[in-house]
Each structure stands twice: as structure tokens, then as C-alpha cells.
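Paired with subunit B in one complex and with subunit C in the other, subunit A is shared by the two complexes that follow.
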Partner chain A sequence: MLAYLVRRVGHAIIVLFGVTLVTFLLTRVVGNPVQLMFGQGTAVTPQQVARTRASLGLNKPLVLQYLTWAGHALTGNLGRSFTEPRTVASDIASAAPVTIELTILAIVLAVLIGVSVGTLAAVRKGSAVDTASAGASSLALAVPNFWLGLILIYVIGLKLGWLPVSGFTPITASLGDNLRDMVLPVLTLSAFYAGSYTRYVRSLVLAGLSQDYVRAAEAKGISRARVLRHHVLRNALIPLLTVIGLDVAGLMGGAVVTEVIFSLPGVGSLLENAILTGDVPTVEGTILVIAVGVVVLNMVLDLLYGYLHPQARVIYD
Partner chain B sequence: MPLSPKSEFSREETELLYALQRGKLSRRRFLTYAAGTSAALVVAGCGTNTLRASTTAGTAGKPKRGGSLSYTLPDQVETLDPAFSTQFGERPVMLCIYDRLVTYDTNFNITPGLAQTWSFSDGGKTLTLHLQPNVKFHDGTSCDANAVKWNLDRLLNPQVNAPMASLIVPPLSAVTVVNSTTVQLHLSRPWRPLLAALADRAGYVVSPAAVQKYGKDYGSHPVGSGPFRFKSWVPGGNITLERFEGYWQKGKPYLDEIICTNVMDSSVAVTALEANQLQVLTDIPASLLQALANNENVSVNKIRGGHWYATQYDVNKPPFNDKNLMAAEGYGADRKAVLELAFSGLGEVATNPLMVGWAAPKLSYPGPYPTSLSKAKSALAKAGAVGHQRLTFTAASDYTAYSDLAQALQPGWKSAGLDISIQGAAYATLYSDLQSGKYDWSETDWTPRADPDGLLRLLFYTGNSQNTTRFSDPQVDHLLDQAAEIYDTKKALPLYEQILSIVIPYGGYDYIAMPEQVAATRSNVGGFVQYPDDLARLADLYYTD
Partner chain C sequence: MTEVSLRDEPGLPSAQLRETLPEDPGRALRIARKARNAFAYPRLVVGSTILVILVGSSVLAPVLATQSPDAIHPLARLQGPSARFLLGTDALGRDQLSRILYGGQVTFIVVAAAVLVAASIGTALGLASGYLRGWIDTQVMRLMDGLLSFPSLILAMTIAFVLGPSVLTIVVALSVIQVPSFARVVRSQALALGKAEFVEAARASGTSTVRILYRHLLVNMSDVLLVQLSIAAGQTILTEASLSFLGLGVPPPAPSWGGMLHDGYPYLQFAPWASIIPGAVIFLAVLAFNLVGDGLRDLLDTNRQRFV
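Let's look at the complex of A and B:
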């Protein structure tokens, strides 16, 4: 187990090194951050541009820039934003909880819907419930998430007036308001995954129910419900867990479209804005944090998978 | 028919007149509607301010003290330090937090700000500002001549390296304090645009004590002397301002609080206005106006503005260094089609880089290349081989106004015989790419400055970082410098006419359209006046009930 962990951490470091190096090259060599910083409408002299480049350390050799940045990053110092009067770490610290909250709530909702509706559809295969859920899940998969968001805002926000049209309250200011502001974004983001998990769980449960051990258990007198709960679902959830892990990892890049529609100050909009304004350290810091998150999450998932599926441990040990 | 803020017509009548003018409404139907709405107005007129109030400057309602108002900013705020402020969205916030040394009215005439009066001496090389006495910053320190000197010295200091320095440096060379309410600015040469710059970001006065306290973080902890003090800022989210009780203009401001939000999608912003979650909205795309026009709790306000859209090309190298090709491109541009497609017909054809202000050509000026298919074809024929090659126009595919512009112009150019291909690019990096010279032929838009020197210098002075058409004419450079030294606008005007006669046809811009500046407020919001610089003056607003 220990050897396995060490190997995984080693892999993680290589991945992080590769990701940050590529980011560095793309932003500092290929891009022109100082020009993007000044933008349209502000005349600057070549001397001003040169002075700005020098003060931001962009004149130094690239290797030195990277090593300096990496060294600081290891101590948690992600530097200062080029364009904002803040440190990168504080920007990420205020954006990350928003995206994490949005992502987790959306996935939890999607899993709850997926497992319950999917199981029901599998158990009542061929019935009206099954057909309805197939239709609903197809719709959820097909509808573009920005369209759904705008419709929800229009109907629930404007016409019915049940929820605010836009706006975000930080969780530190008011938990109640924060959750209220998150309802529509979470619904919008989770729709696709709810549809996807419903179909996946349905097929997993169907496959589980056709296993020999299920028939044996029922022959022994164990009720359907108990068989489902204690055996079939447990086995079905393991592959689902892998899928969830991949989805969460993908969403940690920031559910950008949802964040833009609902004006949530999360990681997606932070990264997008940083790229467009030439705010190089924020781009680098955000990508590093996302990469770390994805890597850690994958490691955790692998360990969890090993725990749940005893046979898999043999492979790892 | 451009609307001035002091129009005599109500919003309803204005909509009808527009529809009539565009041929979408027969005369009979117009008269029926007008009679109906007039009757409705008489009945509704008792006790409500909704309809009549909309297109007049300010409203008839009496200002109520108090209330919280929400506005969404046109783009993201990076910093609230005026010396480093490059984003348009930062300015409405800064207008609330800071005082400017001088201000301007809706016609760009310079009016008092922190400086009550001013005078020029020494052949125009010294500007003496007489400041409002007893002004305090939000942190209690004194906003006096020493504070003003400190602010201007900060811009002069090359170590600070403030981007806004280029607004006044050169020719500002030194600043001296005469007494606590009198400060003198010394210039290396007379320079009329100075006052306009002091009404812009060079003239916002920040608290020296606060900059010393917060250092590099000052931009996220702004302290000014303006009507609203900074309360909080969720990064990427809301900025909250609250009334500054010690504001030097007694009785103002009326509002208790202003919340500047960051709603990133325009249709969501319009919905938020309808749901009364925003009370003011600017930069409304013409396509979304229909929803608001029918809402009786919303007043739509349109002015002529000064924001023009154009195509641009590199005049320093082939193919567009050829004057006949420039002419063909200009004559072949179907400007009315752009107005219809991109701006729902609201606005006018653009003909020059100024469009508003004392140096702008008269309204009747038709532009250097008024749309004419026949003239386009003959200019193209004169261009010879240059005109027969494939030309690539780069359009921002992810920005509606820009992609509409390209789409509307393409057929006209093709009819004229230009062999065009259109390639897409990302809007956010387009300007930077134009600065790098990546594209020969593309599009742009600009808003007006208070002094004609402002934009003309940016666009046409040799080597200016904003001169993306690579236009260079030493005679124009010399004329610009000469004209900037003349304080008497009547005397300066002939020089600007001469400059324009060269830069308008050959400067590298094909002026296409100037849409109306459209904003909307909830009907119970008073004091709303649109300025042609398209910046919302939130601090002047109040609730009427």
C-alpha cells in the first residue's frame, strides 16, 4: 500500500510539473500579457511598457521565472495579480468555495436523482415510470445548460418571482441567502448529470439484478428491497463512483457557463477573466490549484475504489 | 431622428415616431395610437411619473432621501485606483468614490469639481486651481492643495509607472502649492486638453494617507472624498458603497447605498431590471429593448451618444496603403445595413472619428466615402491588381455587435467586386492583436473624449500605442501638437479641420455606424441623465417614491 501511494504521489508531481510548465510557456512566451493589461483606450509609452515588464519580472530568463514561481508556490505563495491589487492566493480563496459549493451541490443532487429514479426505472422496467424517466433523462442530456439557466431565470426568477434573478451572497455573509442564490445555478448545472446518472444507474441496476447471486438470495427468502439495498446497489455504485469522480474533476475547472449565466464569482470566471486581461500569475495559480485538486481527487477515488472493491486491491499491492 | 435628453415626447410617442420613420407603421395607425396614448396619459398622469418622465432630463418627481440602488457594471473591475484604472467598468464606481478636479457637462464643457474656479497664466503654461475649502476624505484626512499636489506628483513619478500618466505627462512638469486651497500646475508648453484630462482619470483625487497605509493593496481599499465611501468588494462579485455623511456638497447624495454588481450576461441583466433587482442598466443591446419598452415600471432613455463603430485597416503596407482600395472599401460599405442588423435601426451613420464636440464636422457632413456601389466599383477598377487579390477581414465572432457588423457589410463589398473572406477571432484579444499587427483588416469601436486632442492623438499620432492603423504623417503630428497649444477653440478649429481633412479619408478607419446610447431605469428612479461618454453618474440618482 505504501509503495503504491509513493508511486502515485510521484506521478502526481510529474503531472503538476508538466501542467504548470505548459501554462507558463503559453502565458509568458506565446501571450503578450503587458499589452493585454493596458488594453484599449490607454496610451502608454515604450518606456512605461518596459518598466512594467521589468517590475513584473518578465525580463528575466524563463527558467529563472519558472523556478522562482515554483519555489514560492511550494510555500503557498502564488504571487500578486498583475492587474488586481490582490494576491493570487486571496483571489483563489474567495473563488474556490463558490465553485466547490456549486459543483458538490450539483453532483449530490444529480446522484440523488440518478440513483433514485434510475433504480426505480430498473425495478419497474418497461412501465410508464421507466418510459417517462427515459424521456426526461434524454431531455436533460440534450438541453444546453445555458438555455436551461436562462429559462429558469426567466420563469422562476421573473415571472414567478420565487427566487432572485441573479446575484450571489458569500456563505460567510449569510448561509440562508447563499443557499437561496445557489438553487437555480445548482439546478441548471445538475440537470445534465442527473440525466446521465439516471440512465447509467438504471443499466447498472438491471445488470446487477440479472446476476446469479440475486436469484440465489431471493430463493433463500431475502426480500427484493433488501437485496437491492445491500447487494445490487453497492455493486452498482462502484463504477458510478468512478464516473462521478471524473465529472467532479472536470467541473473543478469551473462550471464556466453556469458561472457566467448566474454571475457567480467562482474559479471559472476568475480564470476566464485572468486570461483575457493578461493576469498571468492568476492564470498560473488557478491552473495549479485545479490540477492539484484533480490529482488529489483521483488519488482519493482510487483508494476508495480499492476499499470498496476488495478484488481491485490485489492489483495495487 | 436622434433624440436629445430634453425631448418633448414621452417614451410611447417616441417609439411610435421611430416606427413611423422606419416605415413600419402607417400614418393612420400612428394617429390612432397617438390619440389613444394621449388619452391614456391624461388619465394615468395623475399621481404617476412613469411615462412622461422617461425621456426628459431628470424627472418631475421630488427627490427622496434614502434607499439602496443596484447597477450592473459594463465590465469587470480590476482596481479602484484611478492612476492604474484601465477598465471601463471601473469608472462608474470611481465617479462615486472620488471627486475629480474638474468635471464636464453633457456637452463636454468643463465645469467645476474640487476646483471651484481656475485660471491660466504665463502664456497658458501655468494653471491655477482654486479648490473647494474644508473637503475631507473618507478617512478624515484633509483633501486640500497638498493632497492634490501629492496625487499629481504620483502621476509624474516614473517609479510609480502609472498608466494614466500619459494623459497629462508630458507636458505637466511640476505642481506647486500656493496655500491650502490653491495649487498650481506647471506645463512645459501651453496645453488646452489639460482640463479635459483633469476631468478624466488624471484628475481623480485619492487619499495620500490611504495609499501610504495600504501600499500595493490600495486599489482594493479605495478612499476618496466623493459622495460615496467604499464599504466592501467580493472579488468578481458585488462592490458595495455607502453614503459619505461628510460629503462637501451638503444634502447630497440622496441614496444610502449603491451596489455595483457584475452580471455577465445582458439578457439576465435586462431580466433583473424587470424584476427590480437592478434599478439602472446601461449599454442595453437594441435587440433586448422590446421587453423593456412594454414594461410600465421601466423608463427607457436614449441619447445621441458618441460611440462609433468602424472597420480599420493597416495603411502602412499593402494592400490598404493603396488610396483607391481605401475608397473602394469605404464606398462599398453598406452602413445602413449595419444600423439595421446590429442596432435595430437606432442610430446614425458614422462619418468621422469625433462625431460630437466642438471640433466635430457638422451633422450634414456625409463622410469621405458615402455608400455608393458605382463609386466603389470604379475605385476598385482604379486600384488595379491590388483590388483583385483575396482580402481577409477579421471579425470578432463572439461579440454580437462586431459579428453583425461584418455580416452586414460583406454583401455590399462583394457586390462592389471585392474578393473577401471573413475569418473569426476572439473579441477579448482582438485589440491586442491589432496592436501587434496580426491582422490587416478588422473592426473597432471608440467612445468620445472631452477634448478632440484626446482621441485624435491616440489614433493618428505617429507611434502612439493606440495607433493600430500605423498611420504616420509628420504634418498631422505637427498640427496636432500645434492645435493642442491653442486655448481659444475658435482659433483651434481651423487646425482641426485641416487635420480631419487628412485623417478622415486616409487614417485607416472606415466609419460605419453610431448607435444611440440606450439606458433604462426603474420608473421611480430620478436624476438620471446620460452623458455621451456612456458613463453612468450613479451618485446623482434618487428615488422619487
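Let's look at the complex of A and C:
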């Protein structure tokens, strides 16, 4: 396990280096930060460009720029926003809890639905429940989250008036109000994953039910429910963990769209605003923080998986 | 393939040998049989039917559209569905049906271009990685891992941001994020096929690497690639629409489904059709590609017992 831990952390560090490099190259080399800052298509005089480049340190060699930027990022200094009188780090720090809450609630809901519906569908294979759950998961996998959000807002928020359609109460102000504001966004974000986990758990449980040890347990007279809980699900949940790990990145993308639809002040809304206003440091900072978060979370889940399932302690197959 | 070259070999007792060789029913017949089998796969049939309708109506947009997609009717803004405007009008009074039809052209062209570019690059990288192995494999997979650490939508947003709004930008952004999945799928196939006996035989008989990659690896993984193409197309439609929804899609005035939804969203309370109808079309398109992908996988799984 120790060797695996060292190799996995080493691998994560290499990927993190790649992530900083990609972020830096994208915004500084592929894009033209000065033009982005003034807005695409705006006429800028060469003198203005030269002055801005000098003041932002963009006339220095690229390697030096990268090292300065990465060094600052390592110490938590992500620069200052071009459009707001704040540091990027403080903006991200105040937005991050919203995104973290949204994604955790969404993944928990998706796992709960996936495990319960998937298990039921597998146990009653071929029944109406199975067919209905297969149909529902196909729909859930195809429904664009922005469209689902729109329909939820229209039907539940505007027509029925049951829940607020936008706005956000911080968890510190009122837990009840906070959760009420989170219901629709969480439903929107979790639908795809609920569909995906339902399918996956169904196939895992089906595979599990045909195992010899399950037949042995049943032959001993252990009840179906106990066999499911102790023999089938316990083994099925380990691979599910890997799939959740692979979904972390996609979940962050979905969170951007969800936050924009429901005007939640999370990291996704921050990124969207920064992109629309040409705020390069905030764009750089948010995508860096998101990518680092994804890499670290993946590493943690991989280590957990390796701990639970020693055969999986391989980095490349 | 090998049968053909055997028969052409001079000096073989061809008459007897040919009788022992399995009869090739011919390409057309094989395809016809597969097509007949396809009806045993309802998801494939439903998915491809929706696709044919969506693509067909976009191609026929000039014939089917009752209005110009850009014609502005200032007196008929945000109207509900009516005889004149079958699917209502948007905030500028443009006919929604016509915009959806023409928007389909934009969407399908952008998606097809992005998926084909991603498939070509991803397949080349995957073949090199899985067949040649060694340092190429390590470097390519490290690069793919790096790309995959970025949530694909966020990477696409960033690329769209730095390159500025244009159709080419969208194609680049959408294809970059699909490269890793093609590379991974092709690599795992190439790893497995590279160990197959017929590949070893080809190598032993001095077949060039390029020819092995094409004739033996690529041709034999074409079914898996087809499934991946279909999955990628569904995801790309979704990402394209998400980018448009976030205001980073195909720049106006070109109609695009995601863009229509984006423009109609502020009027949700008074004119729900302006955003819900374009969204429904996006949903149908994604569903269709997913169904085709699932159906194809089911269909090909039965033929796939040969190697594994």
C-alpha cells in the first residue's frame, strides 16, 4: 500500500504540473490577455497594449512569467481581479462553499437513487419496475441539465410556486432556507448521475447475484435482504466508488451550468462572469482551483479504492 | 481479407482448398443481414429514426421552413404557437420553427466537424499508444490524463474564451475535449488486438507497421469506434448547447438550438416556448445519439465474442 501511495501521489503531482502548464499556456499564449482584458473585438492602440503588457509583466520571458505565476499560485496568491477590487483567492474562497455543498448533495442524492432503484431493477429483472427504471435512466442520461433546470423552474417555481427559483441563503444564515434554495439545483445536477448509477448498480448487482458465494449464502438459508446487503451490495459499492471518482470532473462542469441557471453564487457563476467580462486572472484562478480540486479528489478516491481493493493498485494497466 | 490473398497465391491446390474455406456471403448480404437483425434492437431503431427525422428536416430546412430564420416580425414578438408561427416566435419576433430547422444545420455541421476531428486525432494517438507502447504510450496517456483533469465543459469554455467567438473556435473547443476518450478506447483495443495471433502473423510476414495499424487493428475495431462516435456525438451536442446557453456558443445571428434557449430563457415566465421548445429538440438529439450508441453496442456485442 505504501508503494502504491507514493506512486499515486507522484502521479498526481505530475498531472498537477500539467494542469498548471495547460492553464497558463491557454490564457497567456493561445489567448491574448491584453485583448481579452479589453474585450474581444475592441480596438486597442499599440501604445495601450505595450503599456498594459509592461504593467502586467507580460513582456518578460514566458518561462519567467510561468514560474512567477506558479510560485504565487502555490502560496495561494492568484492575483487580483481585473474588474472587481478584490483578490481572486478571496472571491474563490467565498464561492467555493456553495459549489462544494451543491456537488456533495447532488452526488449523495444520485448514489441514493442509483443504489436503491438499481438494486430493485436487478432483483426484479425483466419486470415492469426494471423496464421503467431503464426508460427513466435513458431519459435522465440524455436530458440536458440546463433544460431540466428550466422546466423545474417553470413548473415547480413559477406555475406551482412551491419553491424559490433563484437566489441563495448562506448555510450560516439559515440552514432550512439554504436547503430549500438547494432543492431544485440539486435535482437538476443529480439527474444525469442518478440515471448513470442506476444502470451501473443494476449490472453490478446482477453480476453479484450470479456469484457462487451468493448461492452458498442463499443455500445456508440467509434471507434475500441480508444476502443483498452483506454479500452483493458490499461488493458492488467498491467499483461504484471508482465511477464516482471519474464523474467528479463532469460534475464540476454541470455545477457551472446549474449555478448559472439558479443564480447560485458558486465557483461556476464566478467563472462564467469572469469569462463574460474578460477577467483573465479570475478565469485562470478558478479553472486552476477546479482542476486541482478534481486531481486531488481523484487521488483520494483512488487511494481509498486501492485500500479497499488491493488488486486495483495499478496506475496504468 | 486473408482469404483473398490465399486464393491469389499461385501453386496452391486452389479447387480443394476453396471448398474448405468458409463461403463469404458477400458484403451486401452481410449488411442486409445486420440490418434485419437490427430490428431486434428497438433502441437502435428508435434512436436512428429520431436522428433521420432531425437531420433530414435540417437538410430540408429551405423547403420546410415557412419563414426566413432571420426575418424579424416586430409586431409578433414572443407569440405562442399559432397557425402562422407553428412553434411561436422569439424575443425579436423570428419564427421559431424556421430557426430550429436552420439551427439544426448549424448544430449538426459543428458537431460532425468536431467529432470527426476528435476521432481522427484520438484514433491516431490511441493506435500509436496501444500498438507501439513504450515512451509514446506513457507520454500520450499522461497528456490525456492532464486533459481529463479539466472538467470538459470548463475546458471548452476556456478555449472558447481565449480564442474568441467564432464557429471555428467552437469546433476546436468541442473536439479537444473529445480526443481523450477516443484515444483511450482505441488504445485499449490496440493493446488487445496487438497481441492477437493474426497481427503477430502479419508482423512475421513483414507487413509494414502502417499497414498493420490500418488493415488489422483499425478495421477490426471499427465497430467499437462506431459506438464511440455515436456516444461522442451525443456528448458534443450537449456540450455545444451548454456553451451556447452560457453565451459562448456559435455567435449570433446564426441560429443554434442552444443559442435559442439562451435567448428565450429570460422570458421563461411569459413565453416558456421560447426556451423550452429548443431545449426539447436538444434533448431529443442527445437521446437519439445515446440510443443509437447503446443499440449499436448491444448489436455488436453479439459479434464481438471473436477476440475476447
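Assume the second predicted complex is superposed on the first by the 284 of 317 C-alpha atoms of A that agree within 3 Å, B and C clash if a C-alpha of one lies under 4 Å from a C-alpha of the other, contacts with A are read in each partner's own complex, and residues count from 1 in each chain.
We adopt the following convention: a contact is a pair of C-beta atoms (placed from the backbone, for glycine too) under 8 Å apart; a residue touches a chain by one contact, two chains touch by 3 or more.
In this text, all values refer to a predicted model and were calculated from it rather than measured experimentally.
Asks: Determine, under the contact definition given at the top, whether A:G135 touches first (subunit B), second (subunit C), both, or neither.
Replies: Neither partner.
Asks: Touch test for A:V143: subunit B only (first), subunit C only (second), both, or neither?
Replies: In the superposition, A:V143 contacts subunit C only.
Asks: Please indicate which partner A:T277 is in contact with in the superposed arrangement: first for subunit B, second for subunit C, both, or neither.
Replies: Only subunit B is touched by A:T277; subunit C is not.
Asks: Scan A:L158 for contacts with subunit B and subunit C and give back first, second, both or neither.
Replies: Both partners, subunit B and subunit C.
Asks: Under the stated touch criterion, which partner chain does A:S269 make contact with: subunit B (first), subunit C (second), both, or neither?
Replies: In the superposition, A:S269 touches subunit B alone.
Asks: Of the two partner chains, subunit B (first) and subunit C (second), which one does A:T52 touch, if any: first, second, both, or neither?
Replies: After superposing on A, A:T52 lies in contact with subunit B but is clear of subunit C.
Asks: Looking at A:G71 after the superposition, I want to know if it touches subunit B, subunit C, both of them or none. Which is it: first, second, both, neither?
Replies: neither
Asks: Considering only the touch criterion stated at the top, classify A:F168 as touching first (subunit B), second (subunit C), both, or neither.
Replies: Touch partner of A:F168: subunit B, not subunit C.
Asks: Identify the partner contact of A:I14: answer first if only subunit B is touched, second if only subunit C is, both if each is, neither if none is.
Replies: In the superposition, A:I14 touches subunit C alone.
Asks: Per the definitions at the top, what is the overlap between the subunit A residues touching subunit B and those touching subunit C?
Replies: Touching subunit B and subunit C on subunit A: residues 36, 40-41, 150, 153-154, 158, 260, 276.
Asks: Give every residue of subunit B touching subunit A within the complex, in rising order.
Replies: That would be residues 76, 78-79, 81, 86-88, 158, 161, 163-166, 214, 216-220, 234-238, 261-265, 267-269, 271-272, 274-275, 277, 428-429, 431-432, 435-436, 446-447, 457-458, 464-466 of subunit B.
Asks: Looking at the complex, which residues from subunit A come into contact with subunit B?
Replies: 32, 35-49, 51-52, 55, 80, 83-86, 90-91, 94-95, 150, 153-154, 157-158, 161, 164-168, 170, 260-263, 265-266, 269-270, 273, 276-278
Asks: So in the complex, the part of subunit C that touches subunit A is made up of which residues?
Replies: Of all residues in subunit C, those touching subunit A are 43, 138, 141-143, 145-155, 157-159, 161-165, 188, 191, 234, 238, 241-242, 245-248, 261, 265, 268-269, 272, 275-276, 279-280, 282-283, 286-287, 290-291, 294.
Asks: For subunit A, which residues count as touching subunit C in their complex?
Replies: Contact set of subunit A toward subunit C: 14-15, 18-19, 22-23, 26-27, 30-31, 36, 40-41, 138-139, 141-144, 146-147, 150-151, 153-154, 158, 249-254, 256-257, 260, 271-272, 275-276, 283, 287, 290-291, 294-295, 298, 316-317.
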